[in-house]
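Alright, structures below, take your time with them.
In the two assemblies presented below, chain A is common to both, partnered first by chain B and then by chain C.
Let's turn to the complex of A and B:
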């Protein structure tokens, strides 16, 4: 009987996901991505074995070289180097494509596309119907912009994927970021996940009691109420955390323990990064 | 027993939140050195507030609280030397371990207390390694707290306070929201730790662990102490336990197939 009834009901049209559903999915994805990044950071790859301070300095140097180079061959060479590093660090190509290359190409492409037509220079071709002229200088400028961004973004992602975030933060100390800034960033990172978990639980508990689709105004009202509750919870949490810190002797001054030790391999890696970045800057100056 | 042997001496302590919610109402108790004490009570009975007063995080609105013969007041905690000495001697494990695990990794968490005490860094590294080993959490040292299970978080929270080798350990609902295995690990720890020298004060409404973890017990209700004595004596008084919402009455089936209603505890309760 029930089966017959179920069969007689016309298949429901796929509806658009509500704000609440999209939020739950977004929160779950954020947590999954962080878990994936932490797993990758524990893998036995080349970059994972290097001291985080060397990685921060080295990747920044390579990123600067890619940004400052005025020679497309050099930028492409650095891009090839980034690919090699990714391969040696067990970072899958599809991760680079989905996390960096596709989004960077989309956004940079949107910026670079008009430059192909509006940059004055030698005409290369003319678009049919619209009649817009593509210039050689425009294409060259767009190519530089896209390759620079893709290369720089690849180096940044490699640093983040191959280093536990806590170590990236601590390594910022070599760039003279104040201890208090590092500690605040660390605590923010730590508690974002707790608040994400709380937010997801709140949304899921609401979802489990909802039937049908709410009107837009109701969705906004509920979302506003959730934000208020979350804010109140985070305020309570921050009070309790402060007490927990006080309980263990915190008196307003921040101290951290730097447990990094430079080994021979780290010095070699630092020399390698410096050499490659220096050579790229020298060769790419023209 | 002499006053000098007392770790805590609380007299007529009252604590109000926002001037109108009274969490503690005229509480007096004395806790001797080396005793294991259970503070029992239903939710909202004032147990956690008392622990925070004993840890110098809250200060009585009226009445007084002494620790090691010294008054616990906001003014006393302005003095760095007093504050550091007190924090070294008294440790609190919060009910919600997420509150207590605020560092990016387990290693940093355990190192936090010694760093505040300005211990030499080499000694901190050595002590942290020893403590991680003792609590069997060395494999978690680079893990972020958000990736730990409830039992692991509790062990890290314990390690983060025990590294200072405190004389007094305050535990707020240590077995709350833990699976049975993690609960038994915490109880085993509480039974074994201290060796009669350390003072352990545990708040709980888990009646099944009280006799194992405490020599003395207090029952709180509505911010007041309504009973005190040996745990076995208090736990035998069903009327008292029911009155203070520590046990309750409801209908349930016995093995003879009959339904009955009488006060009982769920865990370990024999219905036959």
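Let's turn to the complex of A and C:
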């Protein structure tokens, strides 16, 4: 009875969310995503046990192999390898589907679909009603794009899901990223969360004071003012941080603690990544 | 706009990393010299700011929403070099930690948005804003136009990068290995979304933020406004409606209108601007063939072209309002078309200027921050 009543009072059409609500949801999702990544990075999996520097170099090598391959079977082989790595690192399939595969397939798939008709080449089939011709080259082109995008995105996600962000940043030093660059990246990442929090608080406080819907021009004025407030808060924040850094002895030099130590397993993993990437490059050259 | 991995060949990605490197180096050196120890917190916090505003769902005219990059806002407050660094860092964090934009395509994304976007925004803003006072509505309009043009230039570059892929990188059978569409498809497809939704989002955020900062924190606008007239001085001298503001633009428009009869000197039809009847005309067919690398045009009018050509009939077809056979009347008609077109552009500019005044200068200063 209660359920029936609830159903009867439920609005027939779901209310369209205002831009304030949508922004709050977007900001909260970004925070959730990174918290989830931090949690997964602590799991006891294969990738989690490998030295971050090996992971950064290894994943970049596999990514480059997927980007360079001129053979769809090789790209699919690398994709299968990524799946195996995810399985061994306790990354749930659901996470890969929702975070990478579904969005990439939807976006790239929609983008690649017309290519199967408009790429000139050998006709393969004809659509019954529309009369459009599907070409072999079009299908190959779309397959290259989709498999490459999915494989590359899976490798990137595996790197970040299985490594604490602080370690990823520190590992960038092996790619000769200057220390000051690594420190800026680290601080940016940290302050992104503070800014997300500030932005969410701003929108929530506005949302809690609003009744009904704002007119389009008022919404735009509110959006402009919100970005403006965030901008002036950023300036204030950077000044506060600078003074805090100075009071703690910061004089421009940056040091990082480099506690990474390569063990036997790390060397083996590095050899494995290099071997797979090398083989994929060799097999996929034609 | 954020190009993912797999759309661009590694060669293109490498070339754009190389193209970006000198800009990163110069930006880093300039900012470090200017700020020294202040560099780290300032760039970090502004990169975080850039990242967060890219997530804002901006309400656009027409009820839709879009995301902005905020390149004009960051450029106006930090200057072009600071903006290059801050947006590059934000893009790297997005690519590394949030999977938005590829790691191999990071150089390309930085080149398009952080580097070209910031530089275009800076040049356009400085050109339009001129020496206007900090509180002048002209600055809000300048910021809006700068944002709109910057994101469209970045989108155009991305479209060109996509468009050159199929010609340069394909397998033995001719199948494209990366982005599959040639320039003729990639550019209109990309620009359609950016000239409308994404461009509007950037326009709204850039104009809106500068209008807000003029009221609440004008000091943040001073870096990119050297020689700005003192408030109350030039601003008061400037008549409302900004005729003086628009004078250089109007002169330019007048010159273009005067030069428009040059179009009469040009012979033939612009490539790709053929009418269905051109396919039946032997002379026109020869012209199309000569202009298309000697590829023969289709024997009959493409059915899609024939169908769509009737969808919209221009008010002044072929810039010839009188549709006369007399060459002199055609010339007069061409000139009239230029005047009518120019007038319509002027009307649109006035409308934009009026809207900008309503948004930027029509309200009293307020401390309310939302």
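Here, the second predicted complex is superposed on the first by the 271 of 286 C-alpha atoms of A that agree within 3 Å, B and C clash if a C-alpha of one lies under 4 Å from a C-alpha of the other, contacts with A are read in each partner's own complex, and residues count from 1 in each chain.
The rule we apply is simple: contacts are C-beta pairs under 8 Å (C-beta built on N, C-alpha and C of every residue); 3 or more make two chains touch, one makes a residue touch a chain.
Remember, it's a predicted structure, so these values are computed and weren't measured experimentally.
If you put the two complexes together on chain A, you find that chain B and chain C both fit without a clash. By the touch criterion defined above, A:121 reaches chain C but does not reach chain B. Contact with neither chain B nor chain C is seen for A:97 once the two complexes are overlaid on the shared chain. Of the two partner chains placed by superposition, chain B and chain C are both touched by A:165.
Looking at the shared chain after the overlay, A:194 reaches both chain B and chain C. With both structures placed on the common chain, the touch criterion links A:249 to chain B but leaves chain C unconnected. Of the two partners chain B and chain C, more chain A residues are in touch with C.
In the superposition on chain A, A:35 makes contact with chain B only, not with chain C.
When both complexes are overlaid on chain A, the residue A:23 reaches chain C alone and has no touch with chain B.
Of note, the Cα-centre angle with chain A at its vertex and chain B and chain C at its ends comes out at 100 degrees, rounded to the nearest 10.
Look at A:138: by the touch rule set out above, it reaches chain C but stays clear of chain B. In the superposed model, A:237 lies in contact with both chain B and chain C.
Smallest inter-chain Cα distance, chain B versus chain C, after superposition on the shared chain: 9 Å.
In the superposition on chain A, chain A positions 165, 187, 189, 191, 194, 237, 241, 245-246, 250-251 are in contact with chain B in one complex as well as with chain C in the other.
Residue ranges on chain B touching chain A, taken from their complex, read 52, 55, 57, 80, 83-84, 87-88, 91-92, 94, 96, 98-105, 107-108, 111-113, 115-118, 121, 124-125, 142, 144-147, 160-161, 164. For chain C in complex with chain A, the residues that touch the partner chain are 4-7, 9-10, 13, 36-49, 51-53, 55-61, 63, 65, 70, 73, 77, 89-90, 92-93, 95-99, 102-104, 166, 170-181, 185, 204-205, 207-209, 211-213, 216-217, 220, 359, 368-370. The part of chain A that touches chain B in the complex is made up of residues 35, 38, 42, 164-166, 169, 186-187, 189-191, 193-194, 197, 237, 240-241, 243-251, 255-257, 259.
Of all residues in chain A, those touching chain C in their complex are 19, 22-23, 26-27, 30, 33-34, 37, 60, 63-64, 66-68, 70, 99-100, 104, 108, 112, 114-115, 118-122, 136-142, 144-145, 148-149, 151-153, 156-157, 160, 165, 168, 180, 183-185, 187-189, 191-192, 194-196, 199, 202, 206, 216-217, 219-232, 234-235, 237-239, 241-242, 245-246, 250-252, 254, 286.
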